[in-house]
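The following pair of complexes shares a single chain, chain A, combined with chain B in the former and chain C in the latter.
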Partner chain A sequence: MRSVIPILTMVAAIVVIWYGAAIGMNAQWARDQAARAGTTLSTSELIADTWSQERPKLPAPHQIVAELWKTTAMMKPTSKRSLVFHGWITLSATMLGFVFGTGAGILLAIGIVHSRSMDMGVMPWAIASQTIPIIAIAPMIIVVLNSIGITGLVPKAIISAYLSFFPVVVGMVKGLRSPDAMQLDLLRTYNASKPQALWKLRFPASLPYLFASLKVGVAASLVGTIVGELPTGAIRGLGARMLTGSYYGQTIQIWSALFAAAILAAGLVGIIGLVQRLTLRRMGAV
Partner chain B sequence: MGWVVFAFVFWVAAIALNSWLARHPLSETRLGKLLVPTIFGVTILVVWEALVRGLEVSSVILPPPSAIAAKFATSLPILWVDFVQTIVKGALSGYAIGCGAAFLTAVAIDRSKFLQRGLLPVGNFVAALPIVGTAPILVMWFGFDWQSKSAVVVAMVFFPMLVNTVEGLAASSAMQRDLMKTYSASYLQTLFKLRLPAAMPFVFNGLKISTTLALIGAIVAEFFGSPVKGMGFRISTEVGRMGLDMVWAEIAVAALAGSAFYGAVALIEKGVTFWHPSQRG
Partner chain C sequence: MGTGCVTTKPVIEARGLDLTFQTSDGPIQALKGVDLAIEKGEFVSFIGPSGCGKTTFLRVIAGLEQATGGSVTVNGMTPDEARRERAYGYVFQAAGLYPWRTIAGNIKLPLEIMGYPRSERDARVEKVLELVDLDGFGKKYPWQLSGGMQQRASIARALAFDADIMLMDEPFGALDEIVRDHLNEQLLELWARTEKTIGFVTHSIPEAVYLSTKIVVMSPRPGRISDVIDSPLPRDRPLGIRDTPEFLAVAHRVREGLRAGHAYD
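Then we have the complex of A and B:
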C-alpha cells in the first residue's frame, strides 16, 4: 500500500508530460491553420487548439478517454463502430486460442516429463522456438486458411494458440520437474503409479510455474490475435481498428483501440493473477 | 500413396531410433545431446516433404521444404537486402537504443526509493501490454523507413529491460553492501565494483528477452507501412501474391537471425557472468 503515492505521482507525471508533448507535436498544424486563415493565435488559444484537433499527431489524454467513452458506453455493443464489438471479436479469438494452446502445452509438457526421447528431441526445439519471431508467420496462416475456406475466428485463434503454446510448455516442464527426489521417492515407497504421482505430486507442485507462464501466454495470445487481424483486409477486431485508423489518419481511433487492447491485456493478466492467488491460498502455498 | 507410406515408416523408424538413443549411454555425451534433437528436426522435414508430395498439397498452401530451400538459394540478394533493412537497421539500432536507455534509466533512478516504487509497477504493467500496437502511431510519426521500426523496437524493449535492471541492482546482499561500507567505498565504487557485476545475470536476462521482442517489433511494424524492402514488407506482399515459398524463406531468415542474435547475447553472458551458479557445471 505504501507504493500507492509513488505510483500515482508517476502516473500524474506521465499525464503532464503527455499534455506537454501534445502541445509540442500539434502546434505546427495549429499555426499553419491559423496562418492560412490569416490570423495569429495567442498562447492560450494555441494550447486549446492543440488539445482539441480532429486529427492530431498526438491526441491529448482526454480526447482518447472521450473517444473510448463514446465508442463503448454511448453506442450499442452490436454497432460496427463500437469498440465493445471489436474488443469482443478480439477477446473471443484470444480466449479460444489461449485455451487450446495452454491445453496442448500442458499435454506436451506431461509427455516430455515422462519420455526421455521426447525430452531430448523436442525440448531443445521448444526452447529455440522462443528466440524466433514466430509472429512473422501470422499473415501466412491467415491467408492460407482463407484460401481453403476457413475464415473468421479460427485462423486468429490458431495464431494465438501457437503463441501461448511454447511459454506454457517450457514453464510446465520446469514445474512438473520441480518436486525434489525425496518427494518422488516417498511416492515410490507408497507404490504410487505414474498417473498418481503426476496427479498428486507433480501437478500441484507445478501450479506456481503454470500460472507464471499463463500470464506470459495470455499476453502473447492477445498480441497474436491483434497481429492476426491485420492482413485480413482489416474488417473486425482491435487490430483492424488500428489498421483502418492508420490508413485514414484517424489517430484518435488508433489510440483508443490501443487503450482498449491495453485494458483487455491488463484485465486478462489480472484475472489470471486473481485465480492464482485464490488457488495458491487454498493449497496453503502462500 | 507411396510417399505417405514412406512418411509414416520414416516417422516410426525415427521415433524408435530416438527412444533407443535416449536409453543408450551415448545420450549422456555431448554428441548424443546434439544427435537426438537433430534427428527429430530432420524427421519433421522429411515427413513434411513426403506428405506434401504424397497428398499433392498445392504449393500455395504449403510448399515442400525442398522448394523453400531452392527459393532461398536463388533469392539470396533479396533476402540479404531485407535482412539489412529489418534486422540490422530496424531491430539492432532500436535494440541498442532501447536497452541502453533502459539501463541508464535504471541506474539513474537507483538512488531514489520513491522513483523505484513508482516506476517499477508501472514498468511491470506496461511490459505486459501489447506495445506492438503502437506501431501504426510510430510509423505515422517517424515515416516509413527504418527509423519508425527502430522506434517501435525501443518502445518494446525499454520496459522489460528496465524492470530487469532495477531488479538486478537490488540483487547484492546487505552483507556485501556492508562490506563495501566498511571499506569506506563511495557510491560509484560500490556501483561499479559490487552492484553492477551482481546485476549482470538480471541484465542479461532482460537483454535475452529483448532479442525476440526486437525482431517481432521490427517485422510487425513493417506491416503498417515500409519502403519496398524489409522482411515484414516481403512477407505481407508475397502472401498477397501467393508466393509462399518466398514467405517461408523469409521465415527461415527470421528464425536464423533470431537464434543467432539470442545465441550471441547468451555467449557474451557466459563470458561476463562466468561466476554465476547457472553458468557452472
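Then we have the complex of A and C:
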C-alpha cells in the first residue's frame, strides 16, 4: 500500500497538469470557432470544448484512452486501422533486430575481452556508430538494402539491431571482465583453457550485466524499428501510424500510437525483468 | 616420520631464487637469493611482515609468477610444467566460491575442467566434504554458509583432485581467532589423513608454530629468508600444546628471526 500511494500521486499530478495544458493549448481554436459562428463560450463550455476537439493540438488523456480502446479491443486485429495489427508489425521487426543486435553484441564483447587488437580496433567504431543520428542513416540503409532485393522486415530489423547492439557490447565487456584477478588465478592453477574460463567463469559472472544491457537494448530496438518506419514511406507499423497521423493532423492517432509504443516497450522490459529474476534465482540468488 | 627423506628428492626446491618486478617506480626486488627444500609430507609455513615476499614465493612455486633468477623445481619439474600437470591445489585468502554454484558445484569446478568422468565427480565431492567436515552442505549456496565454512569449502575444492601438494595463501587471514583456532585444528587432522605436502603463508606466529613441521621466517626489502626452523613439536598436536614451554620456545625463536630480519623496523 505504502508504495502505491506515491505512484498514484505522481500519475494524478501528471493527469491534472495534462488536462490543464490541454485547456491552454486548445482554447484558441475553440474561441476562433465560436467567433466564426458569432457566439461566445462560457468558461465551462470552453473547457468542455478543449477536451473534446477532433484534431486538438494536445489531446486530453481520455481521448487517447478512447482511441486506444477503439483501435485495439473494438477492432479486428487484422484491420489496417487496428493498433494491434500495426503493433505486431513493429514488434516482429523489433524482436528480430533485438536478437541480431544482442547476438552481435555478445560476440563482439567476447572478441574484445580476448583480443587486445579487437579492443583497440573495434571499440572506437562501436562508439562512433552511436554518434551518428539514426534518423539520418535509416533511409540510406533501407534504400541500399532495397536495391539489393532485401525488403520487408529485415531492413527495419537491421536498424533496430544497430541501436540495440551497443548497450550489449558495453555491458558484456564489463561483465566478462568482472571476475577479479584471484578468480582468474584460480583457473590458471587448474590449467583451464580460455573457452573453459569463458564458459565456467566469465559468462555466468556477466549475466547480471547482460540483463541490465538487454533492458536498455530492447527499448532501443523498439525505437530503432519505429525510426526505420518513419522516414521511409512505410504504410504499416507504429511508426507509419505516427507518420500518417502527422500528415493528416490526426493528433489523437499520433498520441495513441505513441502510447502503444510505450506500452509495448514497458511490456518487453518487463518480460526481460521476469527472465532475469527466474535466471538469477536458478543461479542461487535469494 | 622422515622415512626415505635422505634418498628422495625434495618435492619443492628453490636455489638462489630472485624475482624483480618492473614497476613504473622502477624495479622492486621481491625475492633475493631464496634457497629452500621442502620434503614430501612436510607442513611448511612462511611467516613475515607485509612485503617480505612470502606470497610471491608461493606464487612462484605455483607458476603464477615467473622467477627472474635462480631455479625452482616442483616434483622435479619447472613450476609451469607442474601447474600444467595439476600438481598442486591452491587456496587463496578469500574463499572465492562461485555464487551461482552450490558448494558441491563449486567443488566440481576443477573436476569438470580437468575432465574427470561425471560418475566419479559426485563420489569425490562426498569424500572431500567429509574431509573438511561439511557433510550435507553440498546443496547449499555459498551465501548460506559462514566465512569459516566457505573457506573450508574452498579447501575441499583444492583437495578434490589428486594433487599431493597444497599451497595455501593466508587462508584463514580474514577469519576471527576463534574460528581460526578451530580451522587450524581441523587442518592438522586433514594433513595427517591425506599426507599432503603443504605450503602455508601466514601473518600469525602462533598459527605458524602450531601448524608447521618447518617454519620459514622471511624479512622484507628485499624479500629473503632470515631463518628456517625445524619444529621439535610432535606431529600430534592438541590445541593445548600452545601453552607448553616447547611451543613458546619455538615462537620465541620465530620472533627473534623476525627481529633479526628487521621485520619490526
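We take it that the second predicted complex is superposed on the first by the 272 of 286 C-alpha atoms of A that agree within 3 Å, B and C clash if a C-alpha of one lies under 4 Å from a C-alpha of the other, contacts with A are read in each partner's own complex, and residues count from 1 in each chain.
Assume contacts are C-beta pairs under 8 Å (C-beta built on N, C-alpha and C of every residue); 3 or more make two chains touch, one makes a residue touch a chain.
Keep in mind it's a predicted model, so treat the numbers as computed, not measured.
Looking at the shared chain after the overlay, A:266 reaches chain B, while chain C stays out of its contact range.
When the two complexes are overlaid on their common chain A, residue A:187 makes contact with chain C while staying clear of chain B. Between chain B and chain C, more residues of chain A are touched by B.
Using the contact criterion defined above for the overlaid structures, shared-chain residue A:258 touches chain B, although it does not reach chain C. By the document's definition of touching, of the two partners only chain B reaches A:143; chain C does not.
Of the two partner chains, chain C is the only one touched by A:204; chain B is not. Once the two complexes are laid over each other on the shared chain, residue contacts for A:128 go to chain B alone; chain C is not touched. Across the two superposed structures, the residue set of chain A contacted by chain B and also by chain C is empty. For chain A in complex with chain B, the touching residues are 2-3, 6-11, 14, 57, 115-117, 119-125, 128, 130-133, 135-137, 139-140, 143-144, 147-148, 215, 219, 222-223, 226-227, 230-231, 238-239, 242-243, 245-246, 249, 251, 254-255, 257-258, 261-262, 265-266, 269.
Touching chain A in their complex are the following residues of chain B: 15, 18-19, 21-23, 27, 32-33, 36-37, 39-41, 60-62, 114-119, 121-122, 125, 128-130, 132-134, 136-137, 139-141, 211-212, 215-216, 219-220, 223-225, 231-232, 235-236, 239-240, 242, 244, 247-248, 250-251, 254-255, 258-259, 261-263.
Looking at the complex, you find that chain A touches chain C at residues 182-183, 185-192, 196, 200-201, 204, 207, 283-286. Put simply, chain C touches chain A in their complex at residues 62-64, 83-84, 86, 88-90, 92-94, 96, 98-102, 109-110, 112-114, 141-143.
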